[in-house]
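Quick one: the structure is below, questions incoming.
Labels run A, B, C and D following the written order; every chain starts at residue 1.
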Amino acid sequence: MDYQKIIDTIHEDLRYHDVFGEVASYIPELAKVDPKKFGMHLYKGVNENYSFGDSTEKFSIQSISKVFTLSIAMKLLGEDLWERVDVEPSGDPFNSLTQLEYESGVPRNPFINSGALVIADILVSNLKDPKKELLEFVRKISGDNAIDYDYKVAESEKSTGYRNYALVNYMKALGNIKNDVEPIVDFYFHQCSLAMSCEELAKAFMLFANNGKILGTGEKILSPTKIKRINALMQTCGFYDEAGEFSFEVGLPGKSGVGGGIVAIHPEQYSVAVWSPILNKKGNSELGMAALEKLTTMTGLSIF
Amino acid sequence: MDYQKIIDTIHEDLRYHDVFGEVASYIPELAKVDPKKFGMHLYKGVNENYSFGDSTEKFSIQSISKVFTLSIAMKLLGEDLWERVDVEPSGDPFNSLTQLEYESGVPRNPFINSGALVIADILVSNLKDPKKELLEFVRKISGDNAIDYDYKVAESEKSTGYRNYALVNYMKALGNIKNDVEPIVDFYFHQCSLAMSCEELAKAFMLFANNGKILGTGEKILSPTKIKRINALMQTCGFYDEAGEFSFEVGLPGKSGVGGGIVAIHPEQYSVAVWSPILNKKGNSELGMAALEKLTTMTGLSIF
Amino acid sequence: MDYQKIIDTIHEDLRYHDVFGEVASYIPELAKVDPKKFGMHLYKGVNENYSFGDSTEKFSIQSISKVFTLSIAMKLLGEDLWERVDVEPSGDPFNSLTQLEYESGVPRNPFINSGALVIADILVSNLKDPKKELLEFVRKISGDNAIDYDYKVAESEKSTGYRNYALVNYMKALGNIKNDVEPIVDFYFHQCSLAMSCEELAKAFMLFANNGKILGTGEKILSPTKIKRINALMQTCGFYDEAGEFSFEVGLPGKSGVGGGIVAIHPEQYSVAVWSPILNKKGNSELGMAALEKLTTMTGLSIF
Amino acid sequence: MDYQKIIDTIHEDLRYHDVFGEVASYIPELAKVDPKKFGMHLYKGVNENYSFGDSTEKFSIQSISKVFTLSIAMKLLGEDLWERVDVEPSGDPFNSLTQLEYESGVPRNPFINSGALVIADILVSNLKDPKKELLEFVRKISGDNAIDYDYKVAESEKSTGYRNYALVNYMKALGNIKNDVEPIVDFYFHQCSLAMSCEELAKAFMLFANNGKILGTGEKILSPTKIKRINALMQTCGFYDEAGEFSFEVGLPGKSGVGGGIVAIHPEQYSVAVWSPILNKKGNSELGMAALEKLTTMTGLSIF
């Protein structure tokens, strides 16, 4: 299969496409991003890389970081993790708080904000220096030591992140948060601020397409069972309340972020990252969704 | 891989296993089933069939029938279907009615009851004799002309199906039901009463593992794109509010029914059906879930 | 106090007032009413009656009838009634079905539709000919034997009342409906179709301002305790999700209907009925609310 | 009417009554209160005071303080206040957060916690020293300069008040909180910690039974219209999700607190306060509810 040709066709077809959504603006720093940015990187092997556009420019990965923190929490706690957070799709954009109310503060899954905040609480409890160790983990699996937090974005989120403060306080009231509010929220805003390019993201996520081993070095980071489960979670919960739509149109496990990035993997085949900052109504990158739909249509490959 | 040995090990491991749930009792007829029934059938090819226990005994397939009616509706309406029903997980056991209230009568997906009733409405609108044509469809794809409705079960559901009457009336009030209430509900209770064995179910579902073609005859019933989408829907929505758990533990698209049956498929590999009437708290077969979890663990194969 | 002058001022102030709402149209028959109709009748004593406009023209009293059926149910069951229906405000326009889901089919109060349908079920269980006996009750307390159902309106509601069918079926599924669906709904649509004028309504409701005795004859119909409780219910639950607003602006117990009628009482003082078909967003008569607000402001009297 | 005799009978009937609830324990300081405390004070005139038991012992008035802060906010903002908070019953114990989600951060009424926190925000915006000015207001209307905050209780609430922090942060995310979180919560926890006896509470609330004038001095504090509206709010929203029950059983406007206090007023007749720390399931004083029900039954007086 000529992946570069497919990638180029996607670029050609979509680059002048009208998009109707808007760049995320609730965080002042994110609103400054050029809405016309568009890049994609498909990583099939150490020497098999295909890309177009702004694929090497760093952007704020936001919720994509939840896959990294979940991976660390699974290493730390194993099966005990699932007493603190469930594995079911959340279903409803409105139910984040309602659902917590009915289910005693146990978030529906680790990819909604409440779930990621519980994961943050777990990392704060179990790691000496969670911010440093997260950075080391991401640098290791992507093989890139230049990856760092964007401290301006982290600061910007902190000054407007009242909804996340509300969630942590609420779960603390319900007994599912063990640490003080501040260090959890501080860690969470930093993880969301991670700045990575499509190329770096694709390399990092190859871990999930390669049964838990780093593709270049072969180093084993996570067991195949854990990888299978993380992929299943991305499949059912990776796209807020558009997880079904993504599964339906694209047919791959993946995760999106409000910075406009999306990563997806085809187990044992490839990982792919795409970036375009304009979001649809559900908060996922409009062009990113379209690009990945085209990719699985043109390659004829999906997990289904 | 020695599938018969794997199947036998599953049987051996689980047959004396303590189960704590109960047989579905809300329909009087279903409550009469022997709770100790246990069978499984894996269909890999015309001459590659593996089974154990009560794999040839017919049982009430209940919600598994929703995959058949969805398939017919997709053939009839194509993309227009998705104006009447969405493709997102429902998330919440409680939200069937609430969700309809907020989303103008458009059910979250075709596998929750409200969604299946909209599909029933579509079939009643578009088919001359919906009950007869559904039967013909199921007989054709499973290659078994003896498959039939269990009229006692259909009658039994009708006399206690107030919740389904409520759903149809409510969606009619919200404008998403076009026919009279009675013929829709009558069709729906009949589809749920379909009596099939594990062997018959596995054969019928091979359609979804075989890109839309009947395995034996090669006859094309559905396009690969439609099959991919039905499989994606089974993956994200096939197990009520335990879809995430099934995806997480088993890693295959599938569908369960309160009669205690579960079918799952591994695209381009096999289809498998299992039956044990005792249900867990979420309404899925307790042993069935365990058997499929063992199957993907022992074969080391899942879509992830 | 010169009540006639106050009544005339209200008429003068409001008759040319711009109203922005619309006449109820979900029932075809109600949509035919002349939106400019406007009448009021205040009943202070057998020889103390004040009125203006279309005060003697009959209109569809709709939900106001729920006060009559509740009164009969309280006579029949006494305190046992409250096992079937609660006495709390419903709070939320959206929660009728949701609330039933969480509270095992026990409606929040007898004035929301689900509650009134449970009351209808009780009357169907306990009365030989519920339609006839309701009519006798209303004729007796208003002293007017010409009051009757509007059979066209009842028929019209039946053909479009899917939401009420949904509620009865749903409560039957939850175990809080004892009779078949049809006779309950038939009775309910008839009670709503009662056609009465402001004058007749004011006379009928004097029962609730007069400690349970018919003002003219002195006949005792309900105990003072029961009257106090019905009045408390009108105060907290009489205006859908605008009960607080009515209490806040008017300060009297009352009940509204989508036909554009409102009745209110001042215990031991008077009863008053007003009619104007144009409804505000919450489903209460726009001019009716304004007229009663003016009444309590100008008389300086409210229960607070 | 012999009020003292009535009061004494209430005492006699209830003092050895079995109560099944528990003292509020979510605030450590409140859990220390002797559960057997029981006192009542009815204030009919400067020289007409009736009481029993622990009527002069101070307790934590908690949510009763919301009536005081609402009164001050109404003086400050007049009608503009109602853009920030609604006047409808909340209906549902579960809906505090859900309701905010659907209604853009506008709390249902000023007596649920979210509403009281908006009122606190308003006082923080409009008063130089809100804690001092609230104290002056309460001292003035009750004629007692010894009334003060219980700083230990305030501190105790602060250390466990995560749910209130969640509410303020959440409303700030939704745009209905203008100040920083900390000063609002600090003020709120202090207002709840106000320590007053039944006698002091009854005197303070005479303002609401006396058309807005202090009974002893005749000084006018609030207009009759504002008083009428505050009373209407107490009637429909004063008892969490038991407002209907209180209205139904007692028939007076009132307000309860988790410290076990309840105050109620009969306009132009009397104000009454009762205290017993053991709460029923809905969070209202069990004996307090019973005592007031007896009071209106024995006096035969309610607003209905």
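Heads up, the rule we're going with is that contacts are C-beta pairs under 8 Å (C-beta built on N, C-alpha and C of every residue); 3 or more make two chains touch, one makes a residue touch a chain.
What you are looking at is a predicted structure, and each value in this text was computed from that prediction instead of being measured.
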{"item": "Interchain contact steps from chain A to chain C (minimum; 1 if touching)", "value": "2"}
{"item": "Per Cα centroids, the chain farthest from chain D", "value": "B"}
{"item": "Chain centre separation in whole Å, for chain D relative to chain A (CA means)", "value": "47"}
{"item": "Chain A and chain B, separation of their C-alpha mean positions in angstrom", "value": "32"}
{"item": "Multi-partner residues of chain C (at least 2 other chains)", "value": "94, 102"}
{"item": "Pairs of chains in contact (touch as defined earlier), listed by label", "value": "A-B, A-D, B-C, C-D"}
{"item": "Residue ranges of chain C touching chain D (in the complex, touch as defined)", "value": "86-92, 94-95, 99, 102, 108-109, 224, 227-229, 231-233, 235-237, 241-245, 247-248, 251, 253, 267, 297, 300, 302-304"}
{"item": "Chain D residues touching chain A - in the complex, by the definition given at the top", "value": "94, 97-98, 101-102, 162-163, 165-167, 169-170, 172-173, 181"}
